[in-house]
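Please read through the structure below; I'll follow up with questions.
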Amino acid sequence: MERENRLWRLILLALPLIVFSVLVIWPLLSSFYYSFTNWNGFSSDYDYVGFENFTRIWTDRLFFNATVNTAIWMIAAILLPTVLGLALALLLDSKVRGSKVFKTIFYLPICLSAIVVGQIWVWIYQPDWGLLNTAIEQITGERFNYAWLARPGSALYSVIVAWSWQQTGLSMVIYLAGLTAVPSDLLEVCEIEGASAWQRIRHVIIPLLTPSTVVVVALSVINSLKGFDILFIMTGGGPFNSSDTLAMHMYNESFRKYFMGYGSAISVVLFLVALTIIGLYFRQLKKVDEIYG
Amino acid sequence: QSGEVTISHYFTGELGLRAFNEQIKRFEDATDYTLKDSPVGHEDYKTDILVRASGNSLPDVFSYWAGARVQFIADSGALLPIDDMWEKAGLSKVIAGSIAASATEYNGHRYLVPFNYHYAGVFYNKAVLDKAGVSEMPTDWDGFLALCEKLKAAGVTPLALGSANRWPAQFWFDYLLLRTAGPEYRAHLMAGEASYDDPEVKRAMEMWKDLTDKGYFTENANADSWTDASDKVARGDAAMTLMGTWITGYWNGLGLVPGEDYDFFPFPAIDSGVPVTSVGPVDGLVIAANAANPKGAEAFLEYMVTNTDVQAAWSKAQGALSANVNVDPSNYNSVMLKAFNTVDDSEVFAFNYDLATPPPVAEVGLSMFARFMDDPSKVNDILSQAATDASAAFKQ
Amino acid sequence: MAELATTSIPTSVPARFNPWPITIFTILCILAVLFLAPTIGVLLSSIKTTRAIALGDLWSWPDTFYLGNYVEVLSNPSVHRYFLNTLLVTVPATIASTALGVLAGYTFAKLPFRGSNMLFLLIVAGMFFPPQVILVPLFRLFNSVGLIDTLWPIGLVHTALGIPICTLLMRNFFATIPNALREAAILEGANEWQVLTRVALPLSLPALAVLATLQFTWIWNDFLWPLIFTQSDDMRTIMVGIVNLRGQYTVAWGVQGALSLIASLPTLLIFLFFQRYFIKGMTMGAVKG
Amino acid sequence: MAEVTLKNIRKSFGAVEVIKGVDLEIERGEFVVFVGPSGCGKSTMLRMISGLESVTSGSIHIDGADVTHVAPSKRKLAMVFQSYALFPHLTVAENIGFGLMLNKVPKAEIDQRVRKVAQTLQLEALLDRTPRQLSGGQRQRVAIGRSIIRDPRVFLFDEPLSNLDAALRVQMRLEIARLHKELADVTMIYVTHDQVEAMTLADRIVVFNCGRIEQVGTPMELYHNPANTFVAGFIGAPAMNFIDGTVGDGGAIQVGDISLSPATPVIRRGPATVGIRPEHLSLVGSEEADFDARIELVEKLGAETLLYLNTPFSDKPLTARIDGSTAIGEGENVHLKVQPDSIHVFPV
Amino acid sequence: MAEVTLKNIRKSFGAVEVIKGVDLEIERGEFVVFVGPSGCGKSTMLRMISGLESVTSGSIHIDGADVTHVAPSKRKLAMVFQSYALFPHLTVAENIGFGLMLNKVPKAEIDQRVRKVAQTLQLEALLDRTPRQLSGGQRQRVAIGRSIIRDPRVFLFDEPLSNLDAALRVQMRLEIARLHKELADVTMIYVTHDQVEAMTLADRIVVFNCGRIEQVGTPMELYHNPANTFVAGFIGAPAMNFIDGTVGDGGAIQVGDISLSPATPVIRRGPATVGIRPEHLSLVGSEEADFDARIELVEKLGAETLLYLNTPFSDKPLTARIDGSTAIGEGENVHLKVQPDSIHVFPV
């Protein structure tokens, strides 16, 4: 048994690992290499500067700012679409009429590209004739022209809303699939034990959806990094870096300021942070396996 | 003398691309070279060029913004000097002196030929000003303030500014500084030899703050793109906007008629004895150091700048000014002609801020402007902050 | 009394009225409207002239539908080219990444080994960094093998970047398939490959459908890689096309809206096509039994 | 009065009708056992009573009230599933206490009640494990525990013991019997395959076949007076032997070339199926024997021994059940006698 | 020679050791049954033999060859799982024919062989359904079919019948017995909870307890000479009664204030546990009685009746197994006699 398994592991893993190492791991390492240089991207020659780039991080006001924003972004980007998606999934799961139509409507945003999503939300937030402020004016009846994307206080969150709008459909779909996998007899137990709708969701469905949640969270995290595009288009990290994330900061330093070395250093840190996050995420995963696997 | 010449450029958008391809066509017809072009939207263009440079596979020719950015690439040794070609083609006689001096020479070598350039002035909606009973345009600061006051009284916001993408705000800083501290000082500042918390800078910013305090600017400047601002002027919600000549291209596109619907006046003088300076960007063409086809590249550059038909057509399409002195001014519409003459008359042509100072510093400055527009009252903190950031950026 | 006597007891009371469906339905309707609004915006932008949008009446419902944008887009030959290229990249990359994910995911789920978790963690970690990080190295890599300005690097990179999520998803899904099934198959003489193809995969339709849809959508909508790896116009993909509609100083809103909508049709179709499989998760019920 | 009443219940899954009109009255506090071949609809019937499965037609009454369309939880019943239906994410203790937790019973009380249940089910040691770490038997015990803990008025069991080992099964059986005694007015409906469970637990046994009720009665009724060959064959293990025969004049039965004379002569004449339970065949001396047979197979169970006998008058072997101490081997020829007072005759 | 040999097998799940050193030799063609309380490691043991579970230590030999590390499919054995382990996406027919399909057996032959199996298992009607549409019993039959169809040299059954109804269970039992007879040199290892299955099918029974083997022997050996109280209590249903007593001089046994004299006097003196099987207690007249008792509970099984008796010398009731025809009621007082030759005495 073991011998065969070993062989099969080799056969099955070979291809994925090769592709992954060549096209992801290796580039990562080599870009990490630049984090020890002062390369500016254009010149063919650069000096080895040791840990200078890393020490510089601690004096970088913008890095700190970006870190905080990234934290906010990540948390919101994971929480909002997940919760919303779950809610939608639960609503749709109750076999209402036209659920297929609803499903499609909620999923639609994912089909749109970041470019157009970003642009349309810029138009929604447009202070003078944007949809949002117009609506607010309709409701309150008095002039309202708050510039959502232009004020440091609201820029990041405004983007998060747009982002959640686009991503919710995804988690919804995953959860819908997950719901069908919930063993019916367990739900029957709830019926007999007289669980209220809320209790059923709270004590049985949500826990049993954990495998789906694992996936949804993973997807959210990936996308939250894809979220770079939409952030880039809506605020470009502005106004004055108030919506910078680490990815954005790294981009600015590398591609706008031509500090390739420093940019790489930032991405190294970013990667380490990511690793720890996954570490935690993984513990969770292990537990999940033990219970549901 | 043939072969393929590769070129990257940021002249995208339906208008830009079509016009540029026409010029390419001209070149190909005139020579045996074939061009392989790669257009990239200008936001991503910087990234694209950087990545390709890092992979030392820059195209033979690529368009870039004259000034600190080209300086930066030249310093990195990624560009090919074109002194010989310059001599042979006698470009010194072809290219407007004011531009040639500042835009083409770096570290004592010629690297760039200007493809076209723009000029930033105070563009205004004729109808609005007429309605406010304004007949002649201010030439000095008090006159300008008076004009703004008058317009405000008339119920129109005097100045539209759309600094969502940060750079539109820079013209205010540029002109205020140039008209007070003068080009000399500004050059020092741009080169890191002066600090952002110098009294000169403070004064300029104070004047700017004065304008905002008086409520001359449209609300939420940071929320509007420069086109939003231009639209406000076009619609008559606002009267004037400090913008580059490309606005004419945009307005004409919307169907406004130059000279009738809109016009411009140069940024008014403030202190006497300060050299009259025009501000604007220069779109240039440069050759990569390791170009596969340098001969073809040089031929292309020479053709593009020397051929007056190309220059005429191109500058028209772009709503830009030609760097070629031989281009018949009658090609320009009244407004552009005025701009042309203004530049001609001015003693100095300076690049706008983000082209005048090294990219890392430019980032600092642009953010500073945005931050200022968000809350002018914080001007002092903003400046001291900028001072430290800028000096740090220069150190790197 | 008489009444009482005559009143007959029904043998069976009818099912009581249930208020839930209607409430839920209304809630959903409201949400649907909120969700649709932005998309409507795109639609509006696509049926208005750039001028109209510039003058700020994007959100008003037009009395005349201006279809010029669509005409312009559809009649543009390079747009056709963009579509073709995007397909040529997206379809293979989607299949490839999913396939690789299946292989790895199955191994991690059903053939765990010492350190497999670490390896899995490493792979999953591969999805937690911004792609810009590996922009330059990858460009150099492909440049050195002369693949720049072809569609290959885009497909390859997307395949590679897809591996983490595909692996994660498939692993989790395979984990829910009881080991007894695999064991039964093995005792029947199936080798691991047969277990995978004849038992695991048929039961994984939901996961595969989800993955295919996601990968397709992401790859289709990506514009960073095509932008970097291609240069000549006839190698560009649709997203780059959209981006390049933005001039240095101007944007053709209307055309961009139109192209964006058209560009998002394929991803929508893919979703509608695979949707039914998402729910095939049903089978799991029995798998557990 | 009747606690549970089923009126002409029918149930179809799509085209297949699996319950074909069932009428049944179950008294309060009665212990009713459903038996029947696999797939005959026992579980389905039970699920309809619980309300988990809707009825296609007919009505269900509990305690006089029509509950045909009442939610399961409102029917005040508990159910133990054939599949364990345990919550994988909850510990054994939490699984058992689930219902109480839902009803906001104070933590302390839950704990204490759970412990008590766990004790009777020998689960104390496992309270903190999750279902996955349990073997089949352990799981089913947890499931039983969960429904025992909150005392409903109707208990539904779907083969609750089928996964328990023999020893534990006996114990649980007595446990349930005791439970039934204690909760005198709790009605219990119990699906099982196990003869012994059925016979010992049931006040009345309901024999299902192909979605219909074949016979309802006390275990002894069914054992002694089965209504038809199906019931006769289904109740009692090993199963009754059936032989084709004819009732001759004088009520004696002609089977092949031998004749059996029941204690009470049969009235109806003509061809008939004769049923003889294995325990009513005994080995005797040749003189008093009804017939001879050859032993095909011997199954020694210790206390008793089962003989499978080849006889001239029956193609499939007859089963005989004799004392375990009897020494006897396969292939031998033996003489058998039938207890005259336990011969069953069914019309064909 | 030995077909399957287990040498000092141990198995731990993490910290918990569930198999604690098992040695066993199984002859070719032998039918061995594993019995034992739930959770004692029967399934685990079986899975290790099949190769699905790796052994923590020790070695497994099949047909002389060490297969401890050989792939399951290479061990030429088939297994029927406790959980049905049917492929949900395949029809019943495809499930049964799965193995053949893998081995590229021609479609026609598969069909024909599947039909044959389906027949013996009464599955013809269901061949086109998917497992989801089957009732528990139906599923398990499919599972059995799947392993029967390809004839391996070692059969592993993990409680294959535990979900079948009584009638079918008996039938399948005989079916398997027949199968065992036919395939004379196919070795069968069979896990069950069912007394009857164990006693009737087994050539030898292996009694597990807490991951150890308590005793190995033929059914009758275990029944008549159990090695210890555990085996004694586990083999035979209803379970043996245990009473604390002391062996006095002369080999008589003192239990409470009564004295039992075994047929063969006991050698070892001192306190002992006395074991008496229910079937060895009989109702007699007061004069010849060994002791009197009060009937607490009566279970009528038809052919026989179980009595649960309260006695002065045992706190938990004694079980007695008497003829079903005996008329007797709860609460009565009765006189009992113990068969002298069937008294078991175990040292404490």
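Going in written order, the chains are labelled A, B, C, D and E, and every chain counts its residues from 1.
Here is the rule we use: a contact is a pair of C-beta atoms (placed from the backbone, for glycine too) under 8 Å apart; a residue touches a chain by one contact, two chains touch by 3 or more.
None of these values were measured; they are calculated from a predicted model.
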Tell me, which chains sit next to both subunit A and subunit B?
-> C
Chain pair, A-D or A-C, that carries the greater number of C-beta contacts = A-C
Farthest from subunit E in C-alpha centre terms, which chain would that be?
-> B
In angstrom, rounded to a whole number, how far apart do the mean CA points of subunit B and subunit E lie?
-> 93
Provide the C-alpha centroid distance between subunit A and subunit C, rounded to the nearest whole angstrom.
-> 15
Quick one: report the Å distance separating subunit C from subunit E, using the average Cα coordinate of each chain.
-> 54
Any idea how many Å lie between the Cα centroids of subunit B and subunit C?
-> 42
Could you say which residues in subunit B touch two or more other chains, in rising order?
-> 47, 51, 54
Touching two or more other chains in subunit C are residues 56, 136, 191, 243, 285, 289
Shared interface positions of subunit D, touching two or more other chains | 83
Any idea which subunit A residues touch subunit C in the complex?
-> 4-6, 8-9, 11-13, 15-17, 19-20, 22-28, 30-31, 34, 41, 88, 91-92, 94, 96-98, 100, 102-117, 119-121, 123-124, 128-131, 134, 162, 165, 168, 170, 173-174, 176-181, 183-184, 197, 211, 214-215, 218-219, 221-222, 225-226, 228-229, 246-247, 250-251, 254-255, 260, 264, 267, 270-271, 274-275, 277-279, 282, 285-286, 289, 292-293
Where on subunit A is subunit D touching in the complex?
-> 183, 185-186, 188-189, 191-196, 199, 203-204, 207-208, 210, 290-293
Which residues, counting only subunit D, touch subunit E once they are in their complex?
-> 13, 35-39, 43, 82, 134-138, 159, 162-170, 174, 177, 193-196, 199-200, 219-220, 223-224, 233-239, 277-279, 297, 299-304, 306, 321, 324
Note which residues of subunit C are touching subunit A in the complex, please.
-> 20-21, 24-25, 27-28, 31-32, 35-39, 41-42, 45, 56-59, 100-101, 103-104, 106-107, 111, 113, 117, 121-134, 136-138, 141, 156-157, 159-161, 163-165, 167-169, 172, 175-176, 191-193, 196, 206, 210, 213-214, 217-218, 221, 223-224, 239, 242-243, 253, 256-257, 260-261, 263-265, 267-268, 271-272, 275, 278-282, 284-285, 288
Name, in rising order, each residue of subunit B that touches subunit C in their complex.
-> 6, 8, 10-17, 36-44, 47-48, 51-52, 54-55, 57, 59, 226-227, 231, 234-235, 246, 249-250, 253-255
